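Each chain gets a letter, A, B, C and D, in the order it is written, and its residues are counted from 1.
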Amino acid sequence: MSSASRYTYLGPEGTFTEAALHTLPEAATRQLTPMVSVPAALDPVRNGEAQAAFVPIENSVEGGVTATLDELRGGSRLMIYREVLLPIAFALLVRPGTPLAEVKTVTGHPVAQPQVRNWLAAHLPDAVWESAASNADGARLVQEGRYDAAFAGEFAAATYGLEPLVTDIHDAENATTRFVLLGPPGRPAAPTGADKTSVVFWLRGDQPGALLEVLHEYASRGVNMMRIESRPTGEGIGQYCFQIDSEGHVQDRRVGDVLMGLRRSCRAVRFLGSYPRADRQPPTLRSGTADEDFVAAADWLSRCLDGRD
Amino acid sequence: MSSASRYTYLGPEGTFTEAALHTLPEAATRQLTPMVSVPAALDPVRNGEAQAAFVPIENSVEGGVTATLDELRGGSRLMIYREVLLPIAFALLVRPGTPLAEVKTVTGHPVAQPQVRNWLAAHLPDAVWESAASNADGARLVQEGRYDAAFAGEFAAATYGLEPLVTDIHDAENATTRFVLLGPPGRPAAPTGADKTSVVFWLRGDQPGALLEVLHEYASRGVNMMRIESRPTGEGIGQYCFQIDSEGHVQDRRVGDVLMGLRRSCRAVRFLGSYPRADRQPPTLRSGTADEDFVAAADWLSRCLDGRD
Amino acid sequence: MSSASRYTYLGPEGTFTEAALHTLPEAATRQLTPMVSVPAALDPVRNGEAQAAFVPIENSVEGGVTATLDELRGGSRLMIYREVLLPIAFALLVRPGTPLAEVKTVTGHPVAQPQVRNWLAAHLPDAVWESAASNADGARLVQEGRYDAAFAGEFAAATYGLEPLVTDIHDAENATTRFVLLGPPGRPAAPTGADKTSVVFWLRGDQPGALLEVLHEYASRGVNMMRIESRPTGEGIGQYCFQIDSEGHVQDRRVGDVLMGLRRSCRAVRFLGSYPRADRQPPTLRSGTADEDFVAAADWLSRCLDGRD
Amino acid sequence: MSSASRYTYLGPEGTFTEAALHTLPEAATRQLTPMVSVPAALDPVRNGEAQAAFVPIENSVEGGVTATLDELRGGSRLMIYREVLLPIAFALLVRPGTPLAEVKTVTGHPVAQPQVRNWLAAHLPDAVWESAASNADGARLVQEGRYDAAFAGEFAAATYGLEPLVTDIHDAENATTRFVLLGPPGRPAAPTGADKTSVVFWLRGDQPGALLEVLHEYASRGVNMMRIESRPTGEGIGQYCFQIDSEGHVQDRRVGDVLMGLRRSCRAVRFLGSYPRADRQPPTLRSGTADEDFVAAADWLSRCLDGRD
């Protein structure tokens, strides 16, 4: 099977990531290979051994997935081609027949812990929590008898011969994880009218107000920021780069104009792609920022240059 | 003589305007026609009966010359092709033989009055001031015996058979008037590396912060404003348009980018020309705003669009 | 009669200024003295010989009245205590019996000319215009037979034995002049809920973006600017100070906060008063900018300082 | 022993956190209790059973420590009273006598993994990594024979009967972790002239540009931001709060003014304390932002209100 038909993903099997990946129509026609970590999932993409990798990037409870964010800013450039939003609800998986009263030890991915903390305090106040490498791995450890129960997706129960004792557990309303499909640099997905554009940029030296200037590049073209994440550059405490997701597609003139402004005013900027919004919400355009306004302004400028008007 | 060889100017003869006009090399080869007012000087340009008009636009003591500013924002569009700065110092012109002690009445253009007010208070505290239609007209009225003395340029003495009793009178240090050569819309003067660009614009409706947004268009491209003047639109108290002179030439990418931003964010914008700065001071470019930075940013964007980088 | 009961105003009698002054209730109980110029009207106030002076400050057609603006920024500080808006419409005053066809020469204040220019072009295209020192002075010159007609307020006809041949002449719809009552520094008028606050300020040296910073002081507290006027400082071309009228009263916390910001960020700032808006329109407060929001924020800060919250 | 003399910290013993804690002079006189997680370390502080907790908050390679950040924004308010910076270098700990060639499995805290990734690729390309709950826990697991080697601080070797096979391992130059001492709300530490102030705030609803407005509150008072971190509010994807560390102390007028601005313009703001900067670098004050400038501005405003100046 050629690399063109292979997707890697953050494994193991039986996690929310795999469940999210299956919502992509093309997943049915790809070889799907679970990997042990985000870097491990991305290396084959960078080496040409896989077409794309599917990994979590952001969780509405835990925030950015730093492994993914850091792979996007470092190493060879990757681009985002798709995003998927998956509501997150946990099931408490036990070996068949285990009653709640006998659950003394519970496990799960560290990211799951804050999302079930209140539920644990209310229903299993004396249970001891230990982290597992993944939710699926936690399920496996329950299967092996190492823990009494694991928090995981209900869909993981069958794989590990467990049963869901309690379902739909989530401390926060609307807990959602965002996943992205990452591939090598290429032409962005075609605009759909409800798109998102992601970049990571490094501010110039010690320039005070440099971040303010970048945000103005967005604000002055009416391009709404949807997410801003600061990340250390690895050059020492207090050195940050920023990743911004905004509405719009790089083919939209207002977005392209923002990107050119960033390119000029920042030390460096990396284009991470334009791709359809999972929530399909179209943007609200501010007056003077539609493509035709940019075209009209460029036409007018060229008339000024030529001495017409 | 054809219209192409005729310049009008704000007359009458013998004023500072005429003196400034003669500093333009091409003035020697043009028919120079004094007119009674700024509108009267501009009408022949608009009608094709004169090539250009030379009028004052700003005085370092009195501020903007409203007649000129209002002609630039109203009527058919005109453009600025040249500017001239002339230091202003007055002479007190009298009929030959008049001693200072006998000067009881003085005249001059209303604009001259605040520039000689302190001198008058110190040397002729009892003299009565009456305004004349122009400094030259004041000289003529002295010639006719209607007033004892006139404030005017020393160069006006000969024309009216007067003598300069006192020279180099000016309350303010560095009193200077700026004049402009206005013509019909055409290709701007070639960039010299030390240029100025003028626009007038009308903000959108009641948008609060709209002026702030326009100033950001300049600031974000490091284009320094040299003058901002608010003018009523004539649509009622509280309705303004603004005229801004900035450094740079419309052919400079950073300036063109500002103008396109104005075109998009304002209700209307009128390009008034790019022309050599009279003071020949080149701009200080901020990092990321040189033409090559704009070109590099546009190249990069097109690589992003194509899937290269 | 003591100085406390005397108001000066820009004369002569029979002008729009006098008409506007009579709209102030207290005018009926004051001695009203016309003066030949704005400076002449203000000197007695500065010397303690008059309580206040009533002068025009802005015209919806012509813009700021520079004599008044310059007196506000120079000399000893004066404050604005009242404003009056007067719609401006001219009458064409002639000696009784003069038909329109016989009007060959017309006069009026230079400020009147652009406001009747279109009317003149339509109805008296061949009439010659000459400026007079004031509209009332123009009427007097018609009385003396020097001109055929004068543009002035209809109310001036009786004073000079003339008749209004045409009335309600004004090129622009809504032509309005704003007048102010200026007095020596003192406690501002009490807040009415619909007030205005005026300042003049000088930016720091060559700081680029300094004007932007000042406008942000207003914008960040949601204080709407109603007028911004740039004026030369008299220190040379390109040196400006700015006068801003904003909504709100200095006793409003958001306005006081803006003023303190200006005081800190500008080279100099002069408080020109808070006074009732002539149009009585109350401001629309932005969320977080009411007095109680400022009080709550100060209380919270003091709890933070004390270690409570 | 009373709660007043007890500090909790993120354990177990033998981690970098414990090493950093010992750099605080008062640590010598406190009972130091290791806890299994950040929440576990903070609960006793919130319950009054411990005086303070010492936890990592930021790593120059990994970024913010989300458990700590999330505890600061949620639950009852805590305040930062001290910060400590500790350079991070790992040792590879093995059972005495193990040669590098026999190391097939390695462990360590997940946060350690990206910091030793390059070293591993270069020196132990075939070794399998598995995460441990902490670096110290990894050392224990090596002691128990479960893994061949653990990455941990060199100081942990003795505790677990291991020997440091390789020392000073760190992929990034200047890898540093920042730790904070958290206590219940109280009076902030006294200003030292080189301080830091931390806040977390929630923007108002859907207001576009709301983050820009907050950054302006800092920029307009010349208060330099040192770190900005976006965190999900837990209310759904795209809902963020922000934590900002800036230079300055809440007792500095410019900082207090910023905080009041945040309080007014944000939906909510939580003051997290002012404390000495670990790097002891004093701020560079911008013109007009010193305490005396704020005092002078307040004095001037009160003179304006009183009618003096």
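Points worth noting:
Criterion: contacts are C-beta pairs under 8 Å (C-beta built on N, C-alpha and C of every residue); 3 or more make two chains touch, one makes a residue touch a chain.
Chain by chain, the UniProt names read as follows: A, B, C, D = Prephenate dehydratase.
Since this is a predicted model, take the numbers as computed values, not measurements.
Shared contact partners of chain A (Prephenate dehydratase) and chain C (Prephenate dehydratase), listed by label: B, D. For this pair, chain C (Prephenate dehydratase) with chain D (Prephenate dehydratase), the centres built from the Cα atoms lie 57 Å apart.
If you average the Cα atoms of chain A (Prephenate dehydratase) and of chain D (Prephenate dehydratase), the two centres end up 25 Å apart.
If you average the Cα atoms of chain B (Prephenate dehydratase) and of chain D (Prephenate dehydratase), the two centres end up 59 Å apart.
Looking at chain D (Prephenate dehydratase), residues 216 sit in touch with two or more other chains.
Judged by the touch criterion defined above, the protein chains form a single closed ring in which each chain touches exactly two others.
Listed by label, the pairs of touching chains are A-B, A-D, B-C, C-D.
Across the complex, chain A (Prephenate dehydratase) meets chain B (Prephenate dehydratase) through its residues 77, 185-188, 204, 213, 216-217, 220, 250-251, 256, 259-261, 263-265, 271, 287-289, 293-294, 296-298, 300-301, 304-309.
Residues 39, 58-64, 66-67, 70, 85, 110, 114, 117, 130-131, 133, 172-176, 178, 208-209, 211-212, 215-216, 219, 222, 224-232, 234-240 of chain A (Prephenate dehydratase) touch chain D (Prephenate dehydratase) in their complex.
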